[in-house]
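Look for chain A in each of the two complexes below; its partner is chain B in the first and chain C in the second.
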Partner chain A sequence: MAGKISEKVFFAILGVPTIICLAVFLWITSILLSGIGTLRLDLLTTSVLKGGFFEMIVGTAYLLLGATGVAGPIGVFAAIYLTEYARHGRLTRIIDQAINNLAGMPSIIIGLFGYTFFCRQLGLGISLAAGWLTLALMMLPIVIRGTEEAIKMVPNTFKEAALALGASKWETTKSITLPSAAPGIITSVLLGIARVAGETAAILFTACVLVTRGLPKSPFEPVMALAFNLFVKIVALGEPPEKVFGIALILFLLVISFAAVGIALRIYYRRKQPWLR
Partner chain B sequence: MLLCALLSIIFLFLMLLFIAREGMQALLTFGMDFVTGHVWDTNLNLYGALPLIYGSLMVVAGALMVAVPLGVATAIFVEEVLPFSLRDLIKSLIELLASIPSVIYGFIGVLFLAPRVASIFGLSSGTVALTASLVLAVMTVPTIVSISGETIAAVPKEYKEAALALGATKWQTVKDVVIPTAKSGILASVMLGFGRAIGETVAVLMVAGNVAMIPTPPWNFLSPVYTLTAVIAMQMGEAAIGTLEYSALFGLGLILFIITLIVNSLADILVKRGVKRLGG
Partner chain C sequence: MAKVDIRKLNVWFKENHVLKDVTLTIKENAVTAIMGPSGCGKSTLLRAINRMNETIDGCRTTGEIYIDGQNIYDGSIDVYELRRRVGMVFQKPNPLPKSIFENVAFGLKIHKMADGQKLAEFVEKSLKEAALWEEVKDRLNESAFSLSGGQQQRLCIARALAVNPEIILLDEPCSALDPIATQKIETLIRELAEKYTVIIVTHNVQQAARVSDYVAFLYLGKLIEYGPTKRVFENPENELTERYLTGEFG
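Showing the complex of A and B:
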């Protein structure tokens, strides 16, 4: 009996760190949400020049759309190759390791590289396009990993059935595997977006400026972004944190909603694979 | 398709190449002194990265001291104790903690944590190594929880059932069977946490105080430090292209690149070894 009780005590103590983690998350959320009163909806569509957030929000959206447009297809194709076409051997092992290393690369390194390679070597300058490519590098590993997982969950019997009906390998991939894996792929893209939406270090010297006159008219112009503005206003301009609460809150809500939807969808589809019923 | 898959390798290689190319000037000028030099001063045009390397390692060590026990305990609790129905919810919340952007962590750190650290320890400014370590700890915990959680969950049920059948209590099973089996995965999670923490830029920069000196005494967590990442982010904007300063910043990038590469590769090997041992 004594053993049982002491064991219960042990496990209860073990639960304390979990509670600390959750408490920190709730604390951060509550701090940020406490600023919701200062946020007026009309500021979302008011120009930065008049004290609003419009160009920052749209700029962030431009960055995310472009990065997704680059990293999405490349990541999906890479994952298809790795799961369906590649023969497992030394090459796939090296590719695998490279993906892991890319995923673990600090964003400031990606930013430095983006600056020398995209901005200077390719001559894109500090621009929206350079930001797309830099952020795409950060999204890529997430999309590849998520898509791989989604493709592996598609039952082999589906593919075998298609192949038995005389479909070619590519036809099978295109009309059977990809549609079945689509929810997982979309999830991975959402998580990739969440990862880069609040990214600051990577766009610090590749894409952003503090203020632009209106929205960028071409991909070769610099852009404004929520994360960049928040960072520069606190660090370089020394504005008191209270004054930038609005930006922090919008950024937080944006990132958390992408992440939350992504995570929820992933759990939903893992649990409820229609063909596992 | 092969090309898409190869892009990761190509870009990793390009990254090394371009960062090394830009950093070459500083490395050639200072030689080993670039890594072991004590003075990092733009006005003197002297670039010795030792205080920055030390600053990075110090805040990361502090962060891991908090994050490893917290993270591993959380992983064990979530995977072994918590009922199945709550598991996904708690894991999701911890994953959400990981998705909060670092600039927001920095913001919270500046707004709430730094003033508290200052008042508790009677400092004039709360932007010191301790604050940076605490912020980093919160940012590292999710990595440790998710990777060690995965390996703990991968411990075969038969192992646990065998232990329980021999009369071991649940706690004994966790302590003597689950943890030893998942050991390499847990170690890998710590390495990945280290990698994530040492590469963290914005949040650390906002709360670490940014003074390029090794604290006296060296374990004084109440003094400001400057990290490799913070220096790059702060000075890149003003460093003119082609100057020694510009090159030195890329030199720091190279140091960071190599550290991350080593740490991530080690973690990779540990994970694979763990999987192999379980016959996966």
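Showing the complex of A and C:
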């Protein structure tokens, strides 16, 4: 009898938080969906100057593509170095810890660093380029960690097989390790993008302005972004939240679509490469 | 004739002294078996011959190994060329995550030994040598993982043969296989000895008796006894060898 009661108690303890999470998620979704009313398909391609979202959407895409272009290669190469080449010792432990710290760094601090270093020290000003570098800093730990995990999952027997045939370390990495780890690497990059797609603080004073005349013509011009507009419209312009639900919805769909593609790719490749399980 | 001459070989992994002053001369075109209980250092001895030990962090080696009179631990040795000359087959079949064809072609490509039509010919020749061609000739583009364990192991042998080695190292090649697959590999090992110098590690005494011409018995990192297989099995000189062969420990 006592057993049955404790069973019910534990069920409640475990079940209630799950229900709360679900409810919150549904609530957020319903708020976002109410944004559909303010959205029309043609607004996606209409200029901001005429009440559309075009420059914000493309600006966000510019920011993400550029940040990926910076953080992707650097992160992947760093991870290859750390897993395959670096001798494990005090230095690698310090680097590991630094990567963890960077991953846990509040984005406002990264934004502040970006402003003082990229915008002022390097003289990039409020610009797309400064935004790329700042967002890349946020993506790096995710890309490095994800790539490291993907490389570590490649069975050592593959590498031994190649080395024993007389392949050099780099040949082994290039033709055996990286192709096997590619799905995981792609996933980690996509998750990195998802992480910064909705980022506001990091681009707040490094890359964005409220309104631009058309798209930036060079990386040294400021840019518009969905998250930044959302923030400014509510905080600085005091617009009622209902008016920006449309932007919120676009941003939300953007972020989850990156994450979804990443997860779908991972599942697809896991099925294709059964030895990685 | 001596193919491999191992002199006063010592290997450490970090603080662990795995091989102690092993001196051993291995004959050309014969099968030499290295046997001993697990942890005695037989795999380490094998992996010293193609310098695979040094791919592991914390490994230190002293002594010399001469192949055709040349010390492979000399600084001037090209380790990649050495590993082409000394092929290796591992305990668990380890095909590369590629097609059957690409597995055999991999070594030929990295050593730039063949391409195009010639590549296909070399692949076919190696698969035939490994007695696998008839079973895979119609499915060369399928994944190597679609093969059975025994076939995978013969593919790994074909892969090692493709780059035209002189010595083949086999590290307990049958331990993951069923008896029928084991028998096929053992027959193959005998055939390979006509052309190659074969060195096989095994913890299976019967296997050593079946396939080898010479046998070395290793215990706790030391070479206890070495000689023609027939002589060692019928008339072991060392008491430890006799106790091992009779199954008293192992």
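Convention: the second predicted complex is superposed on the first by the 256 of 277 C-alpha atoms of A that agree within 3 Å, B and C clash if a C-alpha of one lies under 4 Å from a C-alpha of the other, contacts with A are read in each partner's own complex, and residues count from 1 in each chain.
Operating definition for what follows: a residue touches a chain if its C-beta (ideal position, glycine included) is under 8 Å from a C-beta of that chain, and two chains touch if they have at least 3 such contacts.
These numbers were taken from a predicted model, which means no experiment stands behind them.
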item: Of chain B and chain C, the chain that contacts the larger number of chain A residues; value: B
item: Which superposed partner A:51 touches (first chain B, second chain C, both, neither); value: neither
item: Contacts of A:163 with chain B and chain C, given as first, second, both or neither; value: second
item: Touching partner for A:241 - first (chain B), second (chain C), both, neither; value: first
item: Which of chain B and chain C A:104 touches, first, second, both or neither; value: first
item: First, second, both or neither for A:180, with chain B first and chain C second; value: second
item: Which superposed partner A:37 touches (first chain B, second chain C, both, neither); value: neither
item: Touch list for chain B against partner chain A, complex; value: 1-2, 4-9, 11-12, 14-15, 18-19, 21-22, 69-71, 73-74, 76-78, 81-82, 88, 90, 92-97, 99-108, 110-112, 138, 141, 145, 169-171, 192, 195-196, 198-202, 205-206, 229, 232-234, 236-237, 241, 249-250, 253, 256-257, 260-261, 263-265, 267-268
item: Chain B-facing residues of chain A, complex; value: 3-4, 7, 10-11, 14-18, 20-22, 24-25, 28, 31-32, 74-75, 77-78, 80-82, 85-86, 94-95, 97-102, 104-110, 112-113, 115-117, 120-121, 137, 140-141, 144, 191, 194-195, 197-201, 204-205, 227, 230-231, 234-235, 241-242, 244, 248, 251-252, 255-256, 258-260, 263-264, 267
item: Residues on chain A engaged by chain C in the complex (per definition of touch); value: 87-88, 155, 157-158, 160-168, 171, 175-176, 179-180, 273-275
item: Contact footprint of chain A on chain C as seen in their complex; value: 50, 52, 55, 57, 80-84, 87-88, 90, 92, 94-97, 106-107, 110-111, 145, 156, 159-160, 163
